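Chain lettering (A, B, C and D) follows the sequence in which the chains are written, and residue indices restart at 1 in each chain.
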Amino acid sequence: MGMGLSVRNIDAGYGKLQILFNVSFTVPERKITVIVGPNGSGKSTMLKTIFGLTTIYKGEILFEGRNIAGMAPHKIAKLGIAYVPQTDNVFGKLTVRENLKMAAYGMDESIVADRIEEVTSMFPILSERMKQRADTLSGGERQMLAIAIALVRRPKLMLFDEPTAALAPKIALEILDAIQRLRDEHKITIILVEQNAKRALEIGDKGVLLVGGKVAFEGGARDLLEHPDLARMYLGLMAGE
Amino acid sequence: MGLPSIGIFLTPELWFWVAVYAIVSLSLNLEAGITGIPNFGKHLAVIMGAIVGAALPGYLGVHILPEEAKQAIIEAAGKGSLPSYASSYNSMISTYITNYYASHPAVSFAMFALTIITAAVVGAIVGLLASYPAARLKEDYLAITLLAAAEATLIISYNAPALGGTQGLTVPNTLTWLDSLTSRIVGRNMAHQVSSLIVAAVVAATILWYLERLVRSPMGRLLKGVRENEAAAQALGKNTAAIKLRTLMMGSALASIAGSIFIMATLGWIATTYNRVSWTFWAWAMMILGGMGNNRGVLLGTFILASIRQLITYYKDAIRPYLPFDPVWLDQLVLGSLLVVVLMLRPEGIFAEKTTYPLPRKMLEDKAAAR
Amino acid sequence: MNAAKRWLVWKPSWTRLKCCALALGGGRWGRGVGGEPADIILATESLTKSFGGLVAVDGVSLEVRRGSLTLLIGPNGSGKTTLLNVVSGFYKPDYGRVLYEGRDVTGWPPYKLYGIGMVRTFQVPQPFYKLTVLENVLLASRNHPGEYFRAPLAKSSWLRREEELVDRAFEILRLVGLAHLWDHPAGLLSGGQMKLLEIARALMSGAKLMLMDEPIAGVNPTLAHEILRFITRLKEEKGITFFIIEHRLDIAMKYVDYVYAMARGRLIAKGKPEEVVSNPLVIDSYLGG
Amino acid sequence: MVSLVYLFNSLLYANTIVMLSVGLTLTYLTTRVPNFAHGSLATVGAYMMFTVAAVVMKESLVSGNISMPLVLGFVLAFLGGAFAGLMEYLIVLRPLKRRGTGSLGLMISTLGVDIFMVGLLNIYADILRGMRPATGVSRDWWLRSYVLSKVAGIPVGVWVSFGVMIGCLTLLYMLLTRTRFGIAMRASIENPQLAQVLGVNVDLVNMASWIIAGGLAGLAGALMAFVVRINPVTGSDEVVAIFAASIVGGLQSLLGGVVGGYIVGLSSTLGTKWLGDLVGVDLAAYKRAVPLIFIIIVLLVAPQGLMGVDWSRLRRRIIGGRSVREERLTVPHAR
């Protein structure tokens, strides 16, 4: 199965509070896998679990054939996985340039400038804001910076946690556009957690529906979008299983 | 070294230390162990109590002296008027007052009672004032504020002319009413030591009795609730800032009583005695070693550490040859490492905190089983 | 006699009275069903709260009828919990008012709100960790005569009350199914049990209005039904009002009287449960459009 | 009128408080522990300097000669303080944090460290006294004589003090803004989780902060030896002043530490002197009460410290405009 990621029988949570129950799914290489589900179903927890930010009680997470369950986050980052959290995903007190430099932490000095050049060319608005503090950016710009930060290391796999939350619809579309470009032009494997299920599934290749910390559906994004009970499950009118 | 070390446990001195420290560490346990207030300025209340104990029997005593005693002092001082209690004639004035107290046991007892009560009131007020600015803020701020208040008070009282400044004061003996009784039993030499011990022990026992009942009352439960989760306590209608202030007032009043008793026993005031190492950090170590939140544990911790301290003081010279350094520093090394080691190895202390219900457990078990 | 009083006495016309009632009752005059004034226990008026640049609650005005079970739904980040935090006094609003029984309680601290009968639970349970389950519940009791420093000296003044409260606490613990764990430290409970404990405490408080943040999230369906049935019983028998944030509508639906839906800090729908969940705006807010 | 000597002494004192307060704030920001042993880290530095004085300088050194030994003394002071700080973190705080010790326990452990360090310093002071009988029986040291000669009318000590202080703060500023590790430090302070996600080893950053804070404290201790007689508890006694400076600065920014350090340092020396002259009483003995007054005023008026005050908002408020409501400080824990 090569470069993709596969989650196997994961039980995870925070301390004693278990959120995920025996979750298994696979993430195909160079595709967008969308994780959807109602409030509190464990979507964000799933991403954090992949990145080693939760307590894993059981199960494995295979990346490039290697079990990364239980590894320290800063080590996972070095394997070529990047994570864009939903909130607090940029350093507000640092300038845009410092944010990008920060993202290149531990990389060879000689290529840092090129990489920063590379990512800012993807988001030209950022190059105009290089000396500004990140907390002066607008919501959309901030989200772009967050993605740019994650891109500096040229990750193979990117995890996005609700990147369009609290953004104006037009900006949200721009962000989803950018994510599509990452797949198409940069051949990056993507896991996207979205509250905005419709739009996310429209750009996605694969869909995973989490309900109550369990996988309720795994399959093509289209199939999930056309699933007759999706709306009802989303509104919490039907519990998983 | 074996046999004489047992001798220490027969001296009233050790037990006096245990009793006085028990008052302080138990009051700290009320604040920090039970309510979770990081009082790093415990010595503040002790200083205030000592100030009351040093000033009241002297300043008030001068006024109630009979005319002939006053005249005698004026003559001896060679001045036209009665010199101040804190003047250079302090020790002479104190002797006169002590003699007067010795011949009037009722006055002596009244002065003793008044001193203790005043110390408690002053302690409560100072506890309120010192914690008010930070009671609503994070515990770090409260800890720093209390420490700062205590240190500032120490410096001010060390320099205050009314307290004899850096020279300190000789304090008249307000325990003469008890000394006259004890001297008949243990002899004149030991009398004051023994009566100090009795007073300290009675007060400590009373406080222990009160605090033991407190943790077995709904109030104890409330205080633990404030410690465990402030947000939850507020949501359940508890004014946590006010509760913390009241607890600090109570804790400070008790520690202040300890300070006044200490002065009554030592009969000498010098501010530097009431430093943070002696009266705050040792008390913390006693509480942590014994078990935070457990009064009996704290009592045991107090006994152990007071004994160790006393042993080090007594056998300084005996252990000197075996140590590569001066044994006077052993105190600090023991205290410092103890605080850290206990936190690492047994954070709950010797006796962990126990659940204490106001109602008998048997009754609760029955109620739980009933359907 | 001050100016306002004189003004009242001087011209006691119907309009004046209505104005006064508006001022006192927060504009709830004459909106009732069948000609009677509606009994609104909680109302918010243009409540607004922002953090930095983000407006978390944006001009929310809603009403909770006395004796109802009113639900607040909305997708993640729609501002539900922030609204609850503002109403329950944990945050101060930037703008707007909170009215409780017609009284302006905007910005009151939580313990004062508790005093007038408003109590809340937390989404993430907030137990007193080292205290036992029974102690946790007992701490919620109102005006306990033993919660003073004089208590140890006057045991007789509170002992009987304590016993009554213990009985009541056990009754509630049995109800939520925690009675067998009464002597357990609350910090050792499982997540679901902590949730139950949170509810037990709220019940113990004897509040008139309970604000609950996701009371049945993380609780198994059978138990969730039991809790909701119990809440309904309390509502009917004791007349307690419940204002609940919840997303598990499958279970909650049939117990609910009225639903508000929020998205992006604003109210987007209100009405009977069936109306609200079939409202395309609400479905869109969940699924995205 | 304040004499020139008094003015210089005050400035020297304020400089040391600034350096201490910056270090204290730094470790508070990274590790979230108020370090009650911070003052003793300074004493460690001072004794490193004394070691050089005792072993290398002897009496033969011409006073005022800023020579290699003095530089060596500063280097050792930095290293000594840094080592002590790092050990405090590695041996005490990190294990306790991993064990899940609460903030109360962590605070107490730093008290324990402080007393332990004072004990060790006392023992070392005895050894040092044996090495240099010239100071006689006194255990108090100072290096005033080394820095009394004047350059451009100002004592060498003042030049050195400002040189070291400005040099250190500039280096720290450069580190934090110009190097990637420094940026990583600032990032970890703001959002440790995100920094971790981006590949930063946050524990390493914490260790670095303790090294820097300890080193700065060590240098401050060495500088303090130019103005006051130092004994093993001198630094420990300054802990209230250091905290006051940090609290005045808001405990949130290093710049706040600098501003707070000068406000507290100068007002407790120059301020008490000036006020004393005004009312005709010598208030110098009460200078240690000044930090308390600052703590109380700041906590009552602006608990976020000077750097936390929204000055423009305050101005609007004073000039007029809509009232600003403050945030309650008790908020239920998120997540």
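One rule holds in what follows: a residue touches a chain if its C-beta (ideal position, glycine included) is under 8 Å from a C-beta of that chain, and two chains touch if they have at least 3 such contacts.
Everything quoted here is computed from the prediction, not taken from an experiment.
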Core chain by centroid distance, with centroids computed from Cα atoms only: D
Pair of chains joined by more contacts [C-beta pairs], A-C or B-C: B-C
Separation of mean Cα positions, chain C and chain B [Å, integer]: 46
For chain A paired with chain C, centre-to-centre distance based on mean C-alpha positions, whole Å: 35
Chain A-chain B separation of Cα centroids, rounded to whole Å: 59
Length of the line joining the C-alpha centres of chain C and chain D, rounded to whole Å: 48
Set of chain A residues in contact with two or more other chains: none
Set of chain B residues in contact with two or more other chains: 231, 234-235, 240
For chain C, residues contacting two or more additional chains: 90, 109, 122, 126
List of chain D residues in touch with chain B within their complex: 34, 36, 92, 95-96, 99, 101, 103-105, 107-109, 111-120, 122-123, 126, 239-240, 243-244, 247, 285-286, 288-289, 291-292, 295-296, 299-300, 303, 329-333
In the complex with chain C, residue positions of chain B that touch it: 210-211, 213-214, 216-219, 221-222, 224-225, 228-229, 231-240, 246, 250, 353, 355, 357-359, 363-364, 367-368, 370-371
Residues of chain D defined as touching chain A within the complex: 177, 180, 183-184, 186-187, 190-191, 193-202, 335
Residues of chain A that touch chain D when the two form their complex: 14, 51, 53, 72-74, 77-78, 82-83, 85, 88-94, 98-99, 101-106, 149-150, 153
Of chain A, residues touching chain C in the complex: 13, 16-18, 38-40, 135, 139, 162, 165-166, 169, 194-200, 230-231, 234-239
